[in-house]
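Starting off with a structure, shown below.
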Amino acid sequence: MRLYLLSLLLAACSGIPGLFLRRRGAEVSAGLMTVSALLGLGAAVGVLAGGPVPSLRLPALALGSPSLLVLDAVAAWFLIPVLLLAACGAWYGVRYWEEAHGHPRWVRLVFGGLTAALVLLVAAAHTWLFLLAWEAMAIGAFLLVLTEDRLAEARRAAWIYLVSTHTGTLCLFGAFALLAGVAGTWDLGALPRGFAASRLGTQTFLLFMVGFGLKAGVMPLHIWLPPAHAAAPSHVSSLMSGVLIKMGILGMVRLITWIPDPPLWWGALFLGLGGVSGILGVAFALGQHDLKRLLAYHSIENIGIILLGLGLGLVGKSTGQPALEALGFAGALLHVLNHSLFKGLLFLAGGAVVHATGTRNLEQLGGLAKAMPWTSGAFLAGSWAICGLPPLNGFVSEWFIYLGAFRAMAGARWPWSVGVLAALALIGALALACFAKAYGTVFLGTPRTAAAAAAHEAPRAMLLPMGVLAGACGLIGVFPMAVAPALDRAIAGLGEALPASSRLAHLPLVTVLALTLALLALGLTRWVWAGRRSEPVPPELPTWDCGYAEALPRAQYTASSFAEGLVTGARWVLFPKVQGPQVQGPFPEPTRFESHVPDPVLDRALEPAFRLGARGLVLLHFFQTGQLPVYLLYVLLTLLFLLIWMVV
Amino acid sequence: MALLLILLPLLAAALAVFIKVPAIRVRVLPVTALLHLGLLLVVLRGWRELPHNAWLGLDALGGWVLLVISVLFTICALYAPSYLALRPDRDHRVFSVCLLAFLGLASLLCLARHPGVAWVALETMTLTTAPLIYFNHNRHSVEATWKYLVLGSVGIALALLGTLFVAYAAHMGSLEEPLHYTRLMAEGERLSRPWLRAGFVLTLVGYGTKMGLAPLHSWKPDAYGETPGIVGALLAGGVTSCAFLALLRIYGVVAAAGEGAFARELFLGFGILSMAWALVFMVGQVDFKRLLAYSSVEHMGILVFGIGIGGLAARFALFHLAANALVKSVLFLSAGNIHRSYASKQLPQVTGAIRRTPVSAGLFFLGFLAITGLPPFAPFISEFNIASAALTLGHPILGTLFLLLLGGIFLTMSDTVMQVVFGVPSPQRVRTPYKDTFATTAPLVVAMVLALGLGLHLPAPLRAMLEAASRTIDGAPPVRSGKVAEVPRGLAPTEVRP
Amino acid sequence: MSPDFLIALTMLTNFTLVATSRVNKAIQLAVFQGILMGLIPLAMGLGKHLHILLLALVAIALKGGFIPYLFRRALRQVKIRREVDPYVGYTVSLLLCAAGTGLSLVLAHALPLKAGTTPTFLVPAALATLFTGFLLLVSRRTALTQVVGYLVLENGIYLFGLLLVEEMPVLVETGILLDLFVGVFVMGIVINHIHMAFDSTDTGFLAELKD
Amino acid sequence: MSQALLPTLLNLLLRAFVVLLLPPLIPGLITKIKAWMAGRSGPPVLQLYYDLAKLAQKQAVFSRTTTWVFLAGPVGTVAALLVASLLIPLGHTAPLLAFEGDVILFAYLLGLGRFLTVLSALDTGSAFEGMGAAREVSFSALAEPALFFGFAALARATGSLSLTPMLQSHGMWTAGHLSGPLMLILAGWGIVFLAENSRIPVDDPNTHLELTMIHEVMVLDHSGRPLALILYGASLKLVVLGALLVDPLLPVLSKGWLNGLAFLGGLGLLAVVVGVVESTTARFRMNKVPQFLVAGVLASAFAFLLLLV
């Protein structure tokens, strides 16, 4: 516990020296963050390696609870990405967020605070502490989204985030209150059998789902995610997308651990939400032109995948199939870790692009792979992993979930999991399309604007964290059995007597095939390389393109044209806004074509609804006319009403 | 000893009348406040021993409310000199005198053991606070004062009638003077129910008007909007608390007489209605002081809602009294600072305050978060416990409604607050000398820290006081301070203890 | 003169008050009612208690002497003689007043008096007067008429107080007197200030603060 | 010992032959068939071998816009396909590796190849290749579910999660109620096969710089050894995906080498069928292609539904 508390303290204080130091403040805070990360990771690894579960009693605060902080395996598992991304983000921020962008000291301070809140949250085992950490996290993230509060966009994003997170918190209020009513204590722990099936249990479950779903960004509740991720500084976006939204998942996982006997429909709900979030998330990502918005929608997609895993696990739990349980939960938890790694990586790389070119608009980028090879490599690695392509880590976790789905179906017990299969397949294919688009338009081809042409490689302080994350992705992808034991301990609490995941999936063979693939690629490359002749190739050759004369950068396929086929194919869900005059005549005028895909819930449903509701309520303001007699009339009427009500 | 609590401020007020030099006069405020607070703390050590059958006497409930008011007053008094220094244009003799008189009358009310005395105190308080609202001496302040006075006096008149009704109920039960609360509660069974109910309705409307329960609250936005922030803080935290206390006393009697259910129904109705009304008028509210006024309406609603739920919620309603007073003082004072700096309190003119007056704006935002129930600040403890009590003590629908209203109020309030605090500062129309200084912000910080501390940990004496107080209002006279009147239905009540 | 007669007279005054359109007429009626208030306790034979006698005298002195003086001052300052279009027409106010009286009878029926209390319809009269005062407050425009309404409202409370004044003199008398004092004094001040700020006492102008 | 060793050796030989040497023959066969159907003599069957040999000698030319990604396309594709070929059973001879869930690995390896090809196409910054890439990803998004529904149906029928038992499911023919689903699966996969290998009616491997092209247009700029890899990879893909179609049809024979021969025969037959299809049908308009693929999805999905009842 000492390690954990120390890391908590260091994380919380990491920003403070920077407030006073005239220079090198950023390095100092990043260093502190690193130390805290190392300590915390030490604690987490200790627990996951089967060490004792440390817990802390805080009798000083009379919170009516024996132990407040319990660093169990689940907590440890979630602690790893938190600290990893925090440390990487801190180093990344050293150069990414300099004085030019304004008050970096405060950003660092709040960043540290946010990290501390996350560290606290994963281990919170008491309602009060949980809500405290939860809100601290929410406010920290809110302030970080608001970093550039001069921009209306950032203010709007932050406001939407604040409101939605508070809504979630209120749902949690209700849920925890009901829970405490049942358990008779504010400690968070196992619940009696039969509770889940009761009406009260249903209410609690739904409240929890809304509360945690809002944080996790499950599809109908995802409204805050795209704007907030787009508006925040990139290292913050990576922390939010990588870890913060996972706290919603953490909550759901905790809920699963408390419930011994979930009804079948819980799992079905998880699967339904997961399918919707996954497919729609990636579908809407296809329609985006803003690099960070695109990544944000992919976070929604991956949350969907995680929910699919949890749903399979729940189905297994309620139908008594331990193997299915283990596969589903293991896949979900592993994907939590994986997604935080590669999505953090992607946001950092995307941030480097923004840093270098000053724009997030895909249509204005292009050909960056030449100017910034390392960033381009990092982004490619991230895309590779997020598409679930072997041999990177994304594949392993999705593989678990696939296996679960196959097992549930082939075992002939639960055929509906074929939906999961189809969903995952579709998600995979679309994600591949989306990242081919993203990587292709940003890094490949020729620059579309002067800004893109003038891009420069990111400084080393920004490249290093990307390297770390990419390395982690590779390691988990190639040597999945290394994490398997830890994973088994993490999921052990979610069900009774779960079989080891290594017994259910042949992880070593993955390693073998991955290495084979690498060797083959290496050999073929050597062969191709050996084919170069001695006489040098004239370097200035344009793309041949079937002899097409000197293709202009403008002639390249843009992001929107790349996605056009799929977007129009799915226009009955995406409702893209396309504006471009019909081109007619032999010599048409030069004209513009624009198309973008607004968010279905926020832009199409909630905002109009709220505007309408506000207008309606403002109509009621005539009750406050300012006429004193009217006010007196209210008093009189109240009095009369009450008197009459009293008599009759 | 207890009488000194009343006399000290009144004497100070008398003194302030005769001090010519403004510089010295303003010093009287903090000195008196600190003395009063110290004295109160000394007295409170023995709040159990004080005799209850006197016309005056300190019990847990009165002590708690008076403690809240005294702390609030101290914060405002510490803030006052720096504020008045900013307003050299206005002579503040009347101002200081009225402030001090207010403190004395508040003490009188809290010490009162007799409905008549309580009524007198509140009535006089109305008089003394009117000049405070009138401080700015412009058309708007006149209008605000006029509305405040008419509504206030009508309300207070109704309260008088209600008090008389209660007295007549006692008379029907052939109880004679002196009718102090303890006796009324002890002899509760003998009171005449119909008169008691009518009396309660009248007092509810009367004191409710002074508390500012919707739809009786109409004076509030105008008064709070037009007064200096310091007066707003005192009104929102002090006067309302006093009216609430007077109402609670009557409620205690009614509950002791066995009409508690009837009263609680009314409380629940007013609570929900006030919150809903506040929500409606926070929508698109461009004037952040009026916004605070409506927030005050909302929290009065929360108070009576808690009492209406009863049991655990009642205790935390009393806790919320303190939480609300502290945070409201931060909000009003910081809003006053922002108003000083921008010479406007309307939205388009006031944006990006965090850049103009960083400390005040920061405190304003923090206060907003606290008042909307963000852990670990004190209001979170009370709001959360009231909600959970409502949900678990058999009012699921009301509890849900409560949470929904809290959410809606957060939504609408945050909109305005964020525009005020963040963004690009609007071009200064009037050059104002105001800058955040230690004197104008330190009291606010103190209040904020107190609110935080209460949220984290409630010292044992205070807890004991709170529990005794909640027993008092739940209809059991403090002499029989053994059982908790409310037997929670359904699930076992649990609480997040601060 | 029996108290019932005086009480009936009071209720009659209520009806005339809501029906009158001239400000100074309304004031005269209010004064008249105030004097009635002073007389009723004496008629009830409460004069035997010295303090009640004093109360009655003070009431007469204030309501019959001081208040008219205040009003005359105010009237001299503001040049209004007639009530300019009230919020509620006179006929309607009359009907409403009647309704209020009816309601007060119903309420009084619901509130049983202690055995042997006389006069029996003191309570309905009190409530009716209260409602009348309220009605005036709500339905009239000029500050003066509203003050009149407030006074009438207080008369209602005073009437009820008479039920208790024998048993609980301290409570009742302090209450009533203080209330009276507040009403008159504060209103006087405010009327002056409004006059200064708006040079009219039409409270319709006082509607700038709103949402 | 030798009894056990011999079949294994044979198996290895067969696999090496099928994977490394055989593939270029299949396109040759198809072209020959088409030529015959058109009444021409056509290029020799081994033409592709010659081409590959020549390309291996040629100088590769790289456009100035391209980066190493341009090279990663062909290399990665071939590598992925080779690894995938390890997992797939050739007829009734066991693959080198068979384990639970290798199905998914197999599908994702194909996806990896597609991903890299698309990227290398985009790397040239040419409008045509971008268009090809866009179409490739769009259509594969439809092909993927068809493939997986097929796998799901087979998994449900065979109760196994591994390619080998799934594909060596000739038993389904004898079990009457299973034969219908199997046919549907094969129909769906046949469509996937045509689409993935860019054959008529989805795509035309023999034309260049034509706007209706999907796959071929992505490799316009490749030359020399990279192009050789691409051509070889395309033919390998024919074999690997072909195995999916051929395996379930083959009966189990007594001797291992007979099974190997049977597989080769099946492959040849497949080439003939493709040739016939290509010469008898016309290429779809581009907006018809999705409907064609959706038909494939429906077929395999319906197969699964049949298995539920």
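By letter and in written order, the chains are A, B, C and D; residue numbering begins at 1 in each of them.
Everything below uses one rule, namely that contacts are C-beta pairs under 8 Å (C-beta built on N, C-alpha and C of every residue); 3 or more make two chains touch, one makes a residue touch a chain.
The model shown is predicted, which means the values in this text are computed figures rather than measured ones.
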**Message:** Following contacts chain by chain, what is the lowest number of steps it takes to reach chain C starting at chain B?
**Reply:** 1
**Between A-C and A-D, the pair with more C-beta contacts** = A-D
**Prompt:** Where the centres are mean C-alpha positions, what is the separation of chain C from chain D, in Å?
**Reply:** 100
**Message:** Rounded to a whole Å, what is the gap between the Cα centroids of chain A and chain D?
**Reply:** 36
**Item:** Whole-Å gap between the CA centroids of chain B and chain D
**Value:** 78
**Asked** If you average the CA atoms of chain A and of chain C, how far apart do the two points sit, in angstrom?
**Response** 70
**Prompt:** So which bits of chain A are touching at least two other chains?
**Reply:** 621, 624, 626, 628, 632, 635, 639, 643, 646
**Message:** Give the residues of chain B touching no fewer than two other chains, as numbers and ranges.
**Reply:** 146-147, 150, 154, 198, 221-222, 281
**Complete:** Chains touch one another in the pairs A-B, A-C, A-D, B-C
**Asked** In their shared complex, at which residues does chain C touch chain A?
**Response** 87, 103, 106-107, 110, 131, 134-135, 137-141, 146, 203-204, 206-211
**Request:** Under the touch definition given earlier, write down the residues of chain A that touch chain C in their complex.
**Result:** 621, 624-629, 632-633, 635-636, 639-640, 643-644, 646-647
**Prompt:** Where on chain A does chain B make contact in their complex?
**Reply:** 61-64, 127-128, 131-132, 135, 139, 146, 149-150, 152, 155, 158-159, 162-163, 166-167, 170-171, 173-174, 176-178, 180-182, 184-186, 614, 617-618, 620-621, 623-624, 626, 628, 630-632, 634-635, 637-639, 642-643, 646
**Asked** What residues on chain A touch chain D, complex-wise?
**Response** 366-367, 369-370, 373, 376, 380, 384, 387-390, 395, 398-399, 402-403, 406-407, 409-412, 415, 418, 421-422, 424-426, 428-430, 432-433, 435-437, 439-441, 443-446, 504-506, 509-510, 512-513, 516-517, 520-521, 524-525, 527-528, 531-533, 537, 539-546, 548, 551, 553, 555-557, 561-566, 569
**Request:** Would you pull the chain B residues touching chain A in the complex into a rising list?
**Result:** 146-147, 150-151, 154-155, 158, 197-198, 201-202, 204-205, 209, 215-216, 218-219, 221-222, 262, 266, 279-281, 283-284, 354, 369, 372, 374-376, 380, 384, 387-388, 391-392, 399-400, 403, 406-407, 410-412, 414-415, 418-419, 422-424, 456-458, 490-492, 494-497
